[in-house]
Every structure is written in C-alpha cells, then in structure tokens.
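Next come two complexes, and both contain subunit A; in the first it sits with subunit B, in the second with subunit C.
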Partner chain A sequence: MSTESKEILVGESSQAKPEKKTIVLMASDGDEFVVDVDDITNQSEMIRNLISDMGGTDGLQVPLLNVTAPVLAKLLELFNVSNKNDDDEEVTQKVKELMEAELNMMIDVLGAANYIEATSFFDLSCKVLADKFKGMSVEEVREFLNIECDFTEEELQQIHAENAWAFD
Partner chain B sequence: MADACNSRSLSWLVKPCRPDPRREIIAHPSLETVHHHHNLRPSAVASASAAAPIMSLPDDLLLECLSRVPPSSLPALPLVCRRFSLLLDSPAFLRLRRAHGRLRRTLHALALSDLGLLSSASLPVDAPLASAWAPSYASTVLPLEALDGSFSFSHARVAAVGRSIYIIGRGATLRYDTWTGAVAPRAPTIFPRKKFAAAAIGGKIYVAGGVARTSAVEEYDPTADAWRVVAEAPRQRYGCVGAVAGGVFYIAGGLRVGGGGGEGGRLDAHVCAGSMDAYNVEAGAWVRGRPGAGTVAGAAAAVPGGGCVVGACGTGVHVYVVASHAVELSFWRWEARARRSGGGEWARLEPPPISARAGLGGALRFSCAAVGEEKVVALVHVSVGCGGGGRRGSDAVAVEGAVLVYDIKGGEWTRGPDLPPRLRRAAVACVEF
Partner chain C sequence: MDRMFATKSKVSKVKFCRSEPLEESDRISSLPDAAIHNIFSFLFSNDVVKTSMLAKRWRYLWASAPDIFLDDEAIPTSDRESGFVRFVDGLHRHHKAPEIKRYYLRLQQPNNSTFAESWVQFALARCVKRLFVNVVSHVPFRMPSCNSVRRMKLKLRGGDLVLPAAGGFTMLKYLALSEFRLAGNSVLDVNSDYCPLLRSFSLKNCSGLIGLRVDCPDLEDLCIRQCLDLDHLIVSGANIQTLSVEKSFTDRRPTSLVKITAPNLQTFTWLDRIIDNFSAGEFRSLRVAHVYLEIYYYEDTNNAQRFFQYLASAENLQLQMRCFWVCLKSYSVLPCFSS
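Our next item is the complex of A and B:
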C-alpha cells in the first residue's frame, strides 16, 4: 500500500506512547490516517465491531470508500473535540460553526458519521441541523439549504389557496 | 494469510449495507411507496436541485435530520420542496420521531356545519393533560362551491392519516392539515353515506355502512385521492361506528337496513346493536366469530349483556367499546384471538362516569379516539333538546361537550377539559407528530 501516511493526532500524544494501539483509516482518495484505537472505537460502532470481528487491531487498514480525505480529517478533528470533553457542548458548538461556515462540508461529515456508525455524533449533528430551522420561513429554509422550489405553478397556487383559506 | 485478510476486509466493506436495526425502522418499503406513488425517485429529485448538498443525502439520512425538527418548525417544511413534502408525509417520518422520543400527540376536535363553517380546537394529550382546548385556527368558512353536488357534514366521520384529518361527510370529503390549518376538498365516498363506520389503517381509510343500497366497504387512498370498493359487508348497518385494531377494521353497532330480501328498508333495532363485523384488511377477508358467540350469524363478536354500541376505537390489538343499556353505559375491551379462526375475549372495564339517563329521551353521542396505547378519549354529546330539562343535577357529569379520558394502564376515567361551546357536535381524532 501507500508508503507515506499522515499522522493525525487523535487523543493525546498518540505517537509518544508506544503502547497505544493505532489503526489506519484510508480515505477514498487513498490518504491514510493513523488513529488511536480507543478514540475511534469510542465513536464508531462499525470500527468497534470490525476490530472484534477481525480479532485484533494489528496492521488493520480500514478503507472508507465513501469518505474523502478532507471530510475524514474534519470528522476526526470533531471526534477529537468530542473525546476531550465529557459533555456535548463543545462539540455541538464546533458542528454549529462548521454548519455556518461550510454547510457542504458539514453535510458530508454527517454522511460520513452515518457511514461509520458514529451514532451519537451523528445524532448530535442531525439535531444541530434540525434546530437551525427553528423560526425559519419556507423561503429562509430554501435559501439556507440552497434548495430550489420544485413545485409547479399550479401546485403553488393550490398551496397558497389552501393556506389563505385557512388563515383568512 | 493475505487472502484471509483480503476476504475479511471485503466482508467489512459490505458491512455498511447490512441493516442497522435502528435504521431499519425507516425501512424502504414505506419510502418506496411514497416515491412509487409519485413516480419520483430520490435521485431524480436530487438532480433537480443538484446544487443543494442536503439533497445528496439519501432519504433515510435526510429523514433523520427532518425528524429532529422542533414541532413549531414543522409546518413550513413540507412547503420547501417536493421531496421534503413526500418525506414528511411518509410513515417513516413518524416512526423515526417516535424512535427519537419526539412524538407529540394532539387531540383535534372538528365541527363542520352544513353552512360550511369549520371550527377546530386542539388539546395536547401527552401527560400531563393540558387544562384547556386551544382554538387551532380561526373558524373558517369553506367555499362551498368547491364541493360538487349535494352534501352534508352532519354526522360526518373523521379519520387521521399522518398529520391530516379527513372529514368524511355525506357526498363530500375534506382534508384538514393539522400543521397549517389548510383545508382542501377531497374525493367523496363512492356511495353517499351517513352515520357510517370509518377508521384508518396503514395510511388508508376504510368506511362501511350508513347507506341502504349497498353493503360495500370502501377504501380511500390519500395519495391517489381515490375511493374503491374492497369488500361487501355481511350486513348493512346504519348508525354504526368504526374502529381499528390489529390490522382489522371493526364495524360495530347500528341498525340493520336494506338487504335481507323482501323486507328492504325495514329497521330492526335489535339485530346489529351489539355486534361487530370484522374485516382483515391485509387478508381481504371477513373474520368470523365462533358459532353462537354473537347474536348475529357470522358476526365476529357481540358485546355481552345486550348493549348497543355507541362508541368505539382501537389501539394495538384491542378494541374499546362503549355500549349503552337501558339506564347505564358499559365499557368493554375486545381482544381478538391471534388465530385465524376468529373468536376472542371481552373484558369488562370501568364504565365512563356518565349515566345513560343523561341522554334519556334523546341520544348520547360519542366520538372516541385512542391516544397511542395509553389512553382512550371519549367525547360525549347529547342530541340537541334532550338530556337537559328536569334532570339537572342528577348526574355528576353534564354531558354536552364533555371530554372523558380513560387511562388504559390505570383503568380509570378522568374528566378532561370540556370542549368550547362553539364546537357543537364535534368529532375527535388524535394526531401524532
């Protein structure tokens, strides 16, 4: 496989202590990420199951077909925040910031979290996104998510008629 | 060794496709149904707005986000785009919301006058019970010209499908959107009916009875906005009530009309009063009771003690039935036996705290709705001009618009907040979201 691999510091001083076990996650574009076993299994149910299925972590390389390197890097960065904090406040804040700054990346991260079954992180991210809709009008939701209205003119008229009728 | 490694890696690569029990809740059939009906594959929709990253999420992930939206934000979402609308209408949406503990239940009372005035009020029914009904929306006058032909909403039946409540009258149907208050005309039943049985199962509505010239059971598909006849009932009932339990549509009580040969139209009050016919929707077959179990041959069951069924609703595998006797009311739970051969058990429960005498000389009318598997709500009316008079004070509960709540686990009735007076003769339905 690839000879060079990126060291991503997941958890504290993962490279300093030789007894810490690591595995390699491989992004879809071939980039490798060395992660601390405890830190990743703390988040990802799938990797936890995988390790127990494989009977150990020795030389384990996990190719993540659907996850690109930038997304995986971001996801691991957020896992790191989550692992360092006992409550979800800090990581929720980081996910919020990501959503405001780069919605596309946030949604990719959400998809990746689902892919590796990072259940509680996925829950948290979904909730951040869902809470964003609070108080938004239809138009504002469309604008925020960059969604085009795909109702036909007729359907729109009908929607307006039905609602005007009720609110009149 | 390398081979073994590879094969093991491979087995993991398919792993994400293996159903995760939690995800399986939003299983594909329902979503496929949604898309099938509209001929809209998610991919087709996604390509329409490829610029939106959220549209690249598969249905189940998008639903995971949508199902976590706070209730106050929900009404806007179906109007965002077609895909949102379809997803929010899917049964998977409700299942997910339930799985996340976000499901809230609201009782809606709807009253519709023949002049086209719709009044509605809602009552959150998750414990603790709210202390008063909130007017959902201002009373709305329906543009009657939108409805064709002759119709009547007196004795209309209501049935909830998803967030919509269908108000089914004689010759006209309306859909009331509990999120937005929007009201829209929908296809009327094929045969005009009055005082019929209606109930919703698996996103479809079934009606039976209330018409003399046919014994047809009709099924309504909200997606297609179309009724079709699915079965012929063993007898024609008028003034019956409907309930659903364990995938079976129960048609209970009422008078026998028409049919029978030679004596068409003759009414015999004792023939059907306490009996129930049961139609297994999935099997498309009538469930027959044990011989001698009912007063009517072929009926699935009959309320013990010869009462007349005046109200019914179902939840889980149980049907709850309010029966009226000469001077008292009784309350029963029916549980059908799992076996196909029919039969089942009645259990007598604490009767609702109302004397049948309250309606003496008139009729007590009930509209019942189940709230999850925890409560049964009975809304009680007395026909206008009856029940008042000299008997005031003789009964603890004044009945017009009284809301009685039966706690299934505790086995006790409590009195809920009365309906506002403007909601005369309302019917109730419970909506979850």
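Our next item is the complex of A and C:
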C-alpha cells in the first residue's frame, strides 16, 4: 500500500491504516478513541504497563470506566499539546484557560489523568489548580470550587477551636 | 460509534452528545484522597490545614497529606516567631500520616532556628523520604543519622552543621549541602558505609571543611564549589561521570592534596588553582574538560603542564588561563591533544 499521502491516511477514519501503531481507548459511555501508541504511552504509565503486560498492542482496547467521552477527548487534546511541545509552558497555559472557562471539566480531566497515571500532566494540572487557590480564604476556596459547606455553625466553631493553632 | 484519531498532528472532530455537567456541582470532592493530596503538595501547609473547614469530606484530609511545607516567611501567622512555632507544633501534633514523603522547612527568623532540630526529628520519626532544610541560624544544627531519607538538601546560614560521626544515611541518593560551616576543622568521609547508595553529591559555599574523602560505588555526580578551607580532596568512584571543583583551593598551602580516581569520568570541570600535589588516574572516557587556571607562581606552570596530561583524551576542551603569556614564554604548557 502506498504510504505517500500520510495526511489522508491519518485523517480518514475507517479505512485509514497509519504506519504508526494505535490502540483503542473506550470511554465510560462506550465511545471509542483511536490513539497513537507512542503518544499515549509517552503520557500514561498505566497504559504503558498494560501494553507491556499484554505483550503488544494488537487489537488492544482499553476500557476507561471512570472517564466520559468529553473528558477523554479534552484530555487527549491536551496530551497532543504536551507531546508537541518540549517544555510545559504551552500546555500549562491551555490547562489554565480550561480552568478559567470550565472548572468542572478541568477537574474531571485532572481526575482522568490521575486514573490513567499520566503523572507529569497530572502534576502540572494539580499545580495550576493549587496556584489558583493559594492564599484564598476558606470561603473563597469554597466558592471557587463549588463546595457546599455541610457543617453546622457549631461544628465550624468546634473545628476552629480545635485548630486554633492554625487559624489565630 | 464515534471514532477518533488522536495523533501527534491532529485530533479529528467528533460530535458528542454531551451530558453537560451541572456547572454548580462540586467535582473536586469526588477525587480520590491521593489526588487531593497531590494538589496539596503544591501548597504551603497553612493553606492545606485551612481545607479542614471546607466541608465534611475535607475535615481530616489535610492530616494525612504526605507533604509538609513550612516557611516562616510565606506562612502568615500573628507573629513570625511564637505564632509560627505554635503553628508548626500544632501541625505536628495533629498530623496523622505514618510516612512523610516531603518535608520542607525554611526558617528565616533566627529565633525559630532553635526548633529546627526537633522539627526535623519529627519528620525523621515519620520516615521522611525527601528532606529540605533551609535555615538562618545562630545555633548548631545536628543532623542525625537516618535510614529513610532518599533526597536531602541542607542550607544553613549562620550556625554550624554537625553531621553524624557514625551511622550515616543508608538510603540517601541525592545530597546537597550549601552555605554551611562545619564545626572545628573537619574531615568529611563520605564512603560506602556512610552513604552506600549516594548518586549525586554537591557541596557549595562552605567553611570549616578541611578534608573531603568521597568513595561511593554508585556516585555519578560530584560538585564542590567554594569550599574555602578545603585542603585535602580524595575522590574515588567507578561510576563518577561528572566532577566539578570550583574556587575551593584558593590559598596556596604546602599541605594541599588532590587525588582523583574516576576511570569513567566524562565531564571534568576544574575552575581552581592547580595545587602541587595533584594526582589522578587515567580518564579513559573523558569527553568534556572545562578548565580555568590562575597562574600566580612559577611552579604553577609546571603543575599546569602535568595537569594537562590528564586531559589529553578530552574530545572537547575549554581552557581559560590568567597570566597565559607567562606560560608561553617559559614553557610550552599544552601537550598534544589526541582527540
């Protein structure tokens, strides 16, 4: 088979047969994502280990029970940014933008990165999030993260008293 | 069924029937504890403790966080001294993690430094793996032996550093000491009993270190910079790849001695005086040598000439010399470089 028009081979879905090896990631809702083996193993330790345990990539389908399709799509999009750039600047910027625009999506992506053990991307996302609420008051953090306070006023006072050393 | 290609160059668009998450819902609380702990690892401990007030899910999460970051400048307390001490004591008292991954202690108020030892003891009792201590001090800091630390960085401005005479650090792989003074005229013997697994060792800006003997089988990198009292340096290691000595042998002393046995050395940096008593084994794998010599005395030119013999196999030599003209006049200092 001719390999001249790589662009088309990569872009056309069904009969595409790229030279590169691929595997299929299945989102929790059953959607399938075909990903380049090098790209995904570059990021995910879990998939790297899985491939080495299975002894190859042929026909490999990886069900990701905790990750929905939109989240997986966003995660793969960010992996692409990360794989394309040598330093983390560009991908950090993208994660920040995502956090500002859609915080819940950003946290879901962070959770998915943790789930598939994409350690460096996960660390980077954690840092972006931590930097955001560094120095915020408890109320500000709660509001920023949409956390509902399920303590009674009494309980709050009790925690405050217990941890007076921290809140003086 | 949706199919999608994620390649280096593009992600093809797929239409999703997206089940929009409720914008108001709280996603972070459903992350596993370990993931939240990882977010905590980028915060100073006061911000981490504060999360106990967020909601029930967060009540005790902070107390099992494996990373502790303490800094008396960055953590605002009612006052930098007693308030900070109360904070650290409270944190230690309530902290429940059986093992600490990283313990970072930065004390810029000299009065706080009297607590540094006992606080580090807390971390050691919790089998700390990475220890960073940066203290401005007016009292000695005694670092005890320990079997858990993998990575250790100590920076002590002011007080003396007292390292354990026996025992050592059985799991230590990475050691960096800077801005410290060793009590008395000390000889530091870092050998395979003291740090059997050491791979990287750096000493910077230190005084009171008269002799340094390094002999660790796994050591790969050794950097010695501005250890101003250094007189004896004996380095030996089959795995040493980079060795750098800078501005340490500044005074000319008749007793000075340097002996290097590093057959697999690849990068050698010597930005220092060439002392009379310098010897080295063959550097068979030497690739890069970076040398800056200051030649003050007539004998130095002889020493320099002998010194260059060791570098003969370097593929890449960067050489700077002061008083170069003297050498050219008196001797032909440079030997032939084969590569």
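Rule of thumb we're sticking to: the second predicted complex is superposed on the first by the 136 of 168 C-alpha atoms of A that agree within 3 Å, B and C clash if a C-alpha of one lies under 4 Å from a C-alpha of the other, contacts with A are read in each partner's own complex, and residues count from 1 in each chain.
In this section, a contact is a pair of C-beta atoms (placed from the backbone, for glycine too) under 8 Å apart; a residue touches a chain by one contact, two chains touch by 3 or more.
Everything quoted here is computed from the prediction, not taken from an experiment.
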* Of the two partner chains, subunit B (first) and subunit C (second), which one does A:Leu65 touch, if any: first, second, both, or neither? -> first
* Identify the partner contact of A:Leu129: answer first if only subunit B is touched, second if only subunit C is, both if each is, neither if none is. => both
* Quick one: classify A:Asn104 as touching subunit B (first), subunit C (second), both or neither. => both
* Of subunit B and subunit C, the chain that contacts the larger number of subunit A residues -> C
* To do: Please work out whether A:Leu50 is in contact with subunit B alone, subunit C alone, both, or neither, and reply first, second, both or neither.
  => first
* **Touching partner for A:Glu148 - first (subunit B), second (subunit C), both, neither** => both
* To do: State whether A:Asn80 touches subunit B only (first), subunit C only (second), both chains, or neither.
  => second
* Structure fact -> subunit A positions within both the subunit B interface and the subunit C interface are 103-104, 107-108, 110-111, 114, 122, 126-127, 129-131, 133-138, 141-142, 145-151, 159, 162-163, 165-168
* Structure fact -> In their shared complex, subunit C is touched by residues of subunit A numbered 10-11, 13-14, 16, 18, 20, 22, 30-36, 39-40, 68-70, 73, 76-77, 79-80, 83-84, 103-105, 107-108, 110-111, 114, 122-123, 126-127, 129-131, 133-138, 141-142, 145-151, 156, 159-160, 162-168
* For the complex, which residues does subunit C have touching subunit A? -> 1-12, 14, 16, 18-19, 21, 23-32, 34-35, 38-44, 46-47, 49-56, 58-59, 77-78, 83, 86-87, 89-91, 94
* To do: Flag every residue of subunit A that touches subunit B in the complex, lowest number first.
  => 46, 49-50, 53-54, 61-63, 65-66, 103-104, 107-108, 110-111, 114-115, 117, 119, 122, 126-127, 129-131, 133-138, 141-142, 145-151, 158-159, 162-163, 165-168
* Structure fact -> Interface with subunit A, subunit B side, in the complex: residues 8-9, 11-13, 15-16, 20, 22, 45, 48-49, 51-57, 61, 64-70, 72-73, 76-77, 79-84, 137-138, 140, 142-143, 177, 180-184
